[in-house]
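What follows is a set of structures to go through.
The two complexes that follow have chain A in common; it is paired with chain B in the first and with chain C in the second.
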Partner chain A sequence: MKPVEIETKSGKTEAGKKVFFARISFPLFGYILKRILIFIPTLFIISLLTFILISAAPGDPAETMLSRSSSEGQASDKLATERSYRELRHKLGLDLPIFYFAFTNTAQSDTLIRIPTKNHREMLDRLVYEYGNWPQIENYYHQLKTLEFSIIATKKDSTNVDALIELRNTVAKVFIHHQDVVLSALFTDLKEQSALAPNLVDIKAKVEATEIAYSKIKSEASVWKRYVPKVQWSGTHNQYHRWLFGEARWVGEETDPTLGKGFIRGDYGISFFTKRPVKSVIWDGLWITMLISILVIVIEYIISIPLGISLAIRKGSAYDSGMTVALFITYSLPVFWIGTMAIFFLCSPDYIEIFPPFGLGDATMEDGFFYKFGDLAYHLALPLIIASYASFAYLSRQMRGSMLTVLGADYIRTARAKGLPENKVIWRHAFRNSLLPIITIFASFFPALIGGSIILEFLFTIPGLGQITYAAVIQKDYPMILTNTMFAAILTLVGYLVSDILYAVVDPRISYSKK
Partner chain B sequence: MAADTVREKNDQGYWAFVWKQFRRKKTAVISLYIVILLAVIAVLAPFLANEKPLVCKYQGELYFPVLKEISVGFGIGEFQRQFQNIDWKKLDYDMVIFPPVPYLPMNQDDGNIHSKGPFDEQVVPSMRFHHWFGTDELGRDVLAGMIHGTKIAMTVGIFSMFIASVIGILLGSLAGFYGDENFQVSLVRLWGNLLFLFFAFFYAFGVRSYDITDALGKSLGDGFFQLFISVLIFAGVITLGNLLVIPLKKIPFLGKQVAVPFDLVIMRIIEVLNSIPTLFLILLIISIVRKPNLYVIMGIIGLTGWTGIARFIRAELLKVRSLEYIEAANSLGYSHAHILFRHAIPNALSPVLISIAFGIAGAILTESTLSFLGLGPADTVTWGQLLSYARQIPQAWWLAIFPGFAIFVTVTTFNLIGDGLTDAMDPRLKQ
Partner chain C sequence: MNTQLTKKVFVMALAALVLYGCGKKKEKNEVIVHELSDTDMLNPTNYQSADAGYYIAQMFQGLWGTNPRTLEYEPILAKALPIEEYDSIKNLLTYTCELREEAKWDNGEPITPADVIFSIKMYKAPVISNEPQRPYFELISDVITYPDNPRKLTIVCNKKYILAKSVAGGFVVIPRYIYDPKNLMENFSIGDINTKFAEIEQDARMKEFATEYNSEKFQRDSGYIVGSGPYAFDQWVTGQKIVLKKKKNWWGEKFNNEYSYEAFPDKLIYQTIKDQTAALTALKGKRLDVMYGIKSKDFVEQLQTSEEVKKNFTLNTPLSMAYTYFGINMRNPKFEDVRVREALAHLTDVEKIIKVIGYGLGERVNGPVNPYKKGAFNDTITPYDFNIEKSKVLLAEAGWKDSNGDGTIDKKINGQQTEFNITFTYNAGNDSRRDAALIFKEACRQVGINVDVVPQEWSIYLENQNKHDFEMYYGAWIGSPNPDDPKQIWHTESINGGSNYVYFGNAETDKLIEDIRSELDDEKRNNLYRKFQVAVHDAVPYIFIWSPKERIAISKRFTNTETFIVRPGFNEASFKLSQNN
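Our next item is the complex of A and B:
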């Protein structure tokens, strides 16, 4: 009586529950294990992709984290800021090469990335691009640095204060320019300014030394180096390795608590914005998004399966055609529009106030369970409706379609011909087979829900994964974005896995032992 | 004779048949008309909503300011001295015809700031200048924004789908047509080309990185010129490398034929891309872009949206490649490229058209979502952006309803066209 032949080990004659349990057996677990093993390289590639994308981001996170206001201060202040800046860059691992290896040219140097200031790095990179001789350029940079410090360190008095301020401004310009014309002019300025006061002999000498260093770059240029490719190997001491695996010891007690453990050991780094560990924020958000997604899926399936079946049974009736059009329109309504309108008209004192417009309620730990539950349900009701309407429309259409296909099959005709009541035909014979396409849809639903969480949580200000990601994108908080994207990918892969397992449980034809 | 003509009439070709089937579905045809209407609005946007008059007679002379504006935009001609930096509405005309909506989307109407509704009291000289769809917080006309937003939506939909289809069709057909075994090259050519690819990138883009970025910063024309040079270098290095390979192939070991597993590689790429929820991926890319303008947004949507098309055409080519006419072409000795581009792809294109129609709807929806989140193109007014203003002003129902409705209609019509195409091209796909 089975619609299709069963290939499970449990044999063909067993029916009902026994088959169900027999199927969740060794071959299936083997299959699941295999799928999980396949996920690992996929996740690895995703981590690589996201990390490399993020590392192309403009701006210097360390610079934004430290509000560097003391550029006008004393020499000691300046030194202190530089040191703390360098320390922060070291703590965040920004002074490391990005990846295990890099394709560059022979002109480039691996020490460039250790220069703390971003503007300076860009200027130096330009010089390397233009002249291709790093040793001379490095020397020039050192000379320029000494010049800057000696200007700051020189004692100010009434005769030299104007000259010093001018010198300082000019040096600041030298640091960010690379064009020959501009630099020559700036050096002339520097020489004039250092001649303004009599007690600036030391600075004058340093200006000349810097200029000599600069002219050396030009005279000893080796542009050809730029055209020779080079593979630069950095070993495991790089940003990606540090982020993924961490630097802390794998076995035994770690003596240095500042060393990170890396992504795969549950250490997601420090948020650039809040300066707190990403871990402290992400789990709460993840749970909220998971809860909403699972509730949405349950609601969708509970509504759309019976609806789809009822439409299929009454195919061609006014009810069917009317509902089909209605479902199509529902499906096409953009979530953010309906969400905005719902908040606008249903949560506002100006119109109708039924639902709360944002948040998840204010229940605290001390409140009773029922209060907590009620409060959460009250706050989640509208978001759940908004999140589920579109896909429930789509799902119902699919359910109707697959039910119609099954109802047209030969074995259904046989069942009807032997006089089974219609009820039994549908629920005993057609139902389970018509579920198969719906279950495959689950695989694409889950990522859509995780992606959709960004819009939903933005609309209703729910502190879930989506909202955290959105805030992180606005704040350019890259460790946060990276971690969230990784978790979104992991959730998606878990969704695929669940859909595979469900498929195996429902479809008797699928045999995992043979694969 | 008669029978022949009858047959000719019936064999009008595949597309005529599709069109005939398509016309049967009323919703699809109506949607097509709506899309044409939207396209017309998009093209005529500067004539429909503009602050300058269409035609005017000023101090005894006849002018066409909107036409002039367009030609100025193309770099032909310049506005007359007396028309520079003036308020066009305050001039003393002998005769004047303003566009239907006499406002520009980005310009503020100082008399009607703080979001005036369609039925509110508006400070306008006459009903001719009434803001029919209200204004936003800054006093910008919503209807003008919607008309110019049509242009943005249509551009995004079509161009990002164009990018997506080029990538999708190319990769999908490689995967489907060659599979894992059918593309055989010599060992040295395979590894050689990977190496040459690296060198080509190095010399075309790596070595010239600052030349290109500087030129792009200077002007778009200079940038494209530098990019063109880079592409030439790229092609040159690859060609040179492949010429070098020819003598090396004579060596037995290096000349061994190996298969390029196109299908495996491309399907793995698709799998990885599909494992990251699209919106997360798009947000990740937006976070590393300094200022997302319209081109960047279109590029991002296109680059993330090709997987569906690729899978579609792969499945189709898997079917097509075992058909007799491909075998016939093979035995006639045609080259792979010839068969692929002249015979296989054209026959697999029809289902792609369906996914392009759905894809345009999806692209427009994605762009509006991004604009709604405040992450869309910053240099223009878009529907999503207008809708997002509604969140800040609780009384402005016109901001909540009109732009959202425009998004809804556009997305729905493209979806209905996709639906109609599905019915017309492959009735089996549809239940």
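Our next item is the complex of A and C:
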């Protein structure tokens, strides 16, 4: 019997190899190619959606950037601040249309986005919606601006100062209102206020001019324009194009160093917050997140697989049910709580001080390999345990389930019937087959490789990608958000593809060729 | 068998870690300061986050600055405080000083007025990422040098302004030879930048310089962050720490009896720990020497109660320059009557808020001027006391009664029966603000006012204030040791585009503010400040709550660790290693 068994075994392996290579040959290859081609429109749509969502979110990054440092300082000249704001918006490209074209109606304007103040843009947008005649509205806005500046520029004296304050306040309200009732009342106020002092003739004239401009909006309203659809073509001078392709020359040497090259040429832009190239910010976080994620996956598998097998073998025993309960308890304990508790009890001199509560260590380039390794291991030990414990339940249940399925199969019964020792049955015959589902789960970990764990990174001050992404969202750092989203999208797509391929390679019943 | 082995390996690894962890602590002349987050960059003029400013102040020097211990100006790179002159005909304010002859860059070259001019250009020129700072430097219109005295210079400001002195001396002087080796900025004078801004913006030389200056290496590479101060940039491990190293044979060593030349530790380490619990744990484990901005709750419950902590750390609570307030929309018909606003002030139990929510770590404020600004602060103003009865009377006088018996007071406003409901907004996530608002809500309920406490996401919260789209909100302001310029918050010109969200002001207060802004004489200006505080108090645009105290723990390894009111509240460079260590 024995020689025969060896023969069949080796024969089987040979055949297995052949089958494996046959399987990734033509049909699968074509399938992969097709999938990769589908990546392109998918990524395009994802990038576009991200773009639209970012621009629609409340808040204005340029405003945030300017006011961040002024919280301590004092406001200065209004004009100087406004100029700074306009320049910053221009520099960041926020004054450009979002996309190549937009489906709008004829009433919409293409120059509205250039108005630097967000509140004003919103007010004008409402007016456009209501009356549908942008040229008149633009003229009105221009008049209103002129009025505002002439009020600010008017020299104050004892006779006009009260009137000027009232005028300014009223004008400020005009800037943010669009309802006809409110505006009419405000214009009446303005006229009264400008008549309060004798030397405000100039302002009075401007108030009247503004009111005429406003009544023109109403009298020359073209509401029908709202219902006439229009495709508004903005050309390549738009935010999306600027981000994807960049403005630098494609051929020849670019002489202007301030122009970007765009996402597809590997230029991910400059972070709004740190002003560093996005590429280096991400690179700083990427290696840490990758290292931790890979280690976590390794730990999870090393612990869960033997655990799952041992549970399957002792199915129904007190060990099985007790362990299952314990695993489900760990599974339901939230990471942030366990993490905080661990820091509180295991890093503090008040209790037991085994682990450091933060960071990745102080090893420098000059230190020897063993010091560096030891330092890193010392600092990573606790975060790694915290990061992996929650998956033990899931993975070991999977392993237990697939092991039980395999153990119920005919060939296992045959092996047992042959009188093979249980140890051999499990490790030689059942183990490899039961691993298959677990391997395919692996692909779903791909996006986590780049995503990292925000909570874990926050608790232990690990400067990984999760933290970087979170900060980018909070700070409205558009280039960072876009790049992160794109890489997460790419990895997710690749992850699914790999998992599909693994299915095909592992399980002969799945085929991607056309029948 | 497998599990046995795993167990053994695990136990051994754990033991190794414990041993490794134990052999760590050493007494070094290094100060480790806790930071909650990584800073943005160390470019001395482009940075934006406050932390970066603190680190840069250890590496770079200005001409003169405020000594936080005395709140007085002191010369730094200048030999003495500048001579201030005002030319009323041309409306120019000038500051003339001489640079110290000892002052040197790291390459041994003296610091010259040319470096000062170059530095000012960094704040004014186009293409450079200086948009937030640029408006402040509109003030500086020119710098005059003197051929007969190569160290003398005059900074010219284009108007009489109380902050001119702090702007003219407060910027950092940076070495041209490091930041502009090609001398590209030589092509543009300060006058050119003032007048031909748009033209220079398109200039290829300007673009070349600015792209280089804005680039990553000048933000975070050693060898490219170089100033004349006592510390040199050593290392930045992103997201973890920034290390500054004391320079050997620093030129300013002999002046170390002056505050701004104190630099005793060999290294300053700024260690980021994001999580508060982890940071506190690290502090207790003596892995940190300084922790500031500690949450009041943790400070009181965890640190002040622990003998171990008190043995190793001093727990300091200097007052801060900040104050918090409830803002009231004065143009909202409900709040137009000053009696209503006074009634609301009487309904605010400030003592309770400080005691319950601030753990007693704060002081009540009576107006926008910090009590530490002696002279300017008006101590004759008594804040509105918590008095429900008085508030009822005031509301009744203003015509608010519960006419329909539904428990909420009401009034006819513009012909419409209006119930007194207040929407009170605060920034979402700030629980102490929410709790303070709830204390206010409870008091209001007793007089028949219904308060709805609404959290708003930060950017929406700010946007609504800008649009004056709020009824009441919980806000805070942070001051600086320089003279206060009330214009941003209190002038009517700041209603549209500034920070006067509550519509405060009239001709009289505007005049006061303008006078304050241009009054250079301290005595006269202080009188104006005192008048101004009375005007604010009477109009009740804000209900002033409190000025929180800072919470700073400093290791007893060091002496000379005095804390002060100016942020961050301590100066790690002044720390001296204790003798008994």
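We take it that the second predicted complex is superposed on the first by the 359 of 515 C-alpha atoms of A that agree within 3 Å, B and C clash if a C-alpha of one lies under 4 Å from a C-alpha of the other, contacts with A are read in each partner's own complex, and residues count from 1 in each chain.
Basically, a residue touches a chain if its C-beta (ideal position, glycine included) is under 8 Å from a C-beta of that chain, and two chains touch if they have at least 3 such contacts.
Note that this is a predicted model, so its numbers are computed, not measured.
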Partner chain in contact with A:58 - chain B first, chain C second, else both or neither: both
Partner chain(s) touched by A:348 [first = chain B, second = chain C, both, neither]: both
Contacts of A:171 with chain B and chain C, given as first, second, both or neither: second
Touching partner for A:42 - first (chain B), second (chain C), both, neither: first
Which of chain B and chain C A:154 touches, first, second, both or neither: neither
Which of chain B and chain C A:306 touches, first, second, both or neither: second
Contacts of A:458 with chain B and chain C, given as first, second, both or neither: both
Dominant contact partner of chain A by residue count, chain C or chain B: C
First (chain B), second (chain C), both or neither touched by A:340: both
Chain B versus chain C as contact partner of A:193, first or second or both or neither: neither
Chain B and chain C contact sites that coincide on chain A, given as residue numbers: 58, 340, 343-344, 348, 350, 458, 476
Touch list for chain B against partner chain A, complex: 198-199, 202-203, 206-207, 209-210, 268, 271-272, 274-281, 283-288, 290, 365, 368-369, 372-375, 384, 387, 390-391, 394-395, 397, 400-401, 404-405, 407-408, 411-412, 415-416, 431
Touch list for chain C against partner chain A, complex: 2-3, 13-14, 16-18, 20-21, 37-38, 40-41, 43, 46, 48-50, 126-127, 129, 131-136, 138-139, 163, 204, 207-208, 210-211, 214, 216, 219-220, 235, 237-241, 271-275, 277-279, 281-282, 284-287, 306, 308, 331, 457, 459-460, 462-463, 466-468, 478-480, 484-485, 487-488, 492-499, 503, 505-507, 510-511, 567
Contact set on chain A toward chain B in their complex: 42-43, 45-46, 49-50, 53-54, 56-58, 103-105, 126, 129, 226-227, 229, 328-329, 331-334, 336-338, 340-341, 343-345, 348, 350, 400-402, 404-405, 447-448, 450-452, 454-455, 458, 469-470, 472-474, 476, 478, 481, 484-485, 488-489, 492-493, 496
Sites on chain A touched by chain C in the complex: 58-60, 64-78, 80-85, 87-88, 91, 117-119, 148, 152, 161-162, 165, 168-169, 171-172, 175-176, 255-258, 273-277, 280, 284-285, 306, 340, 343-344, 347-350, 353-360, 364, 374, 377-378, 381, 457-463, 467, 471, 476
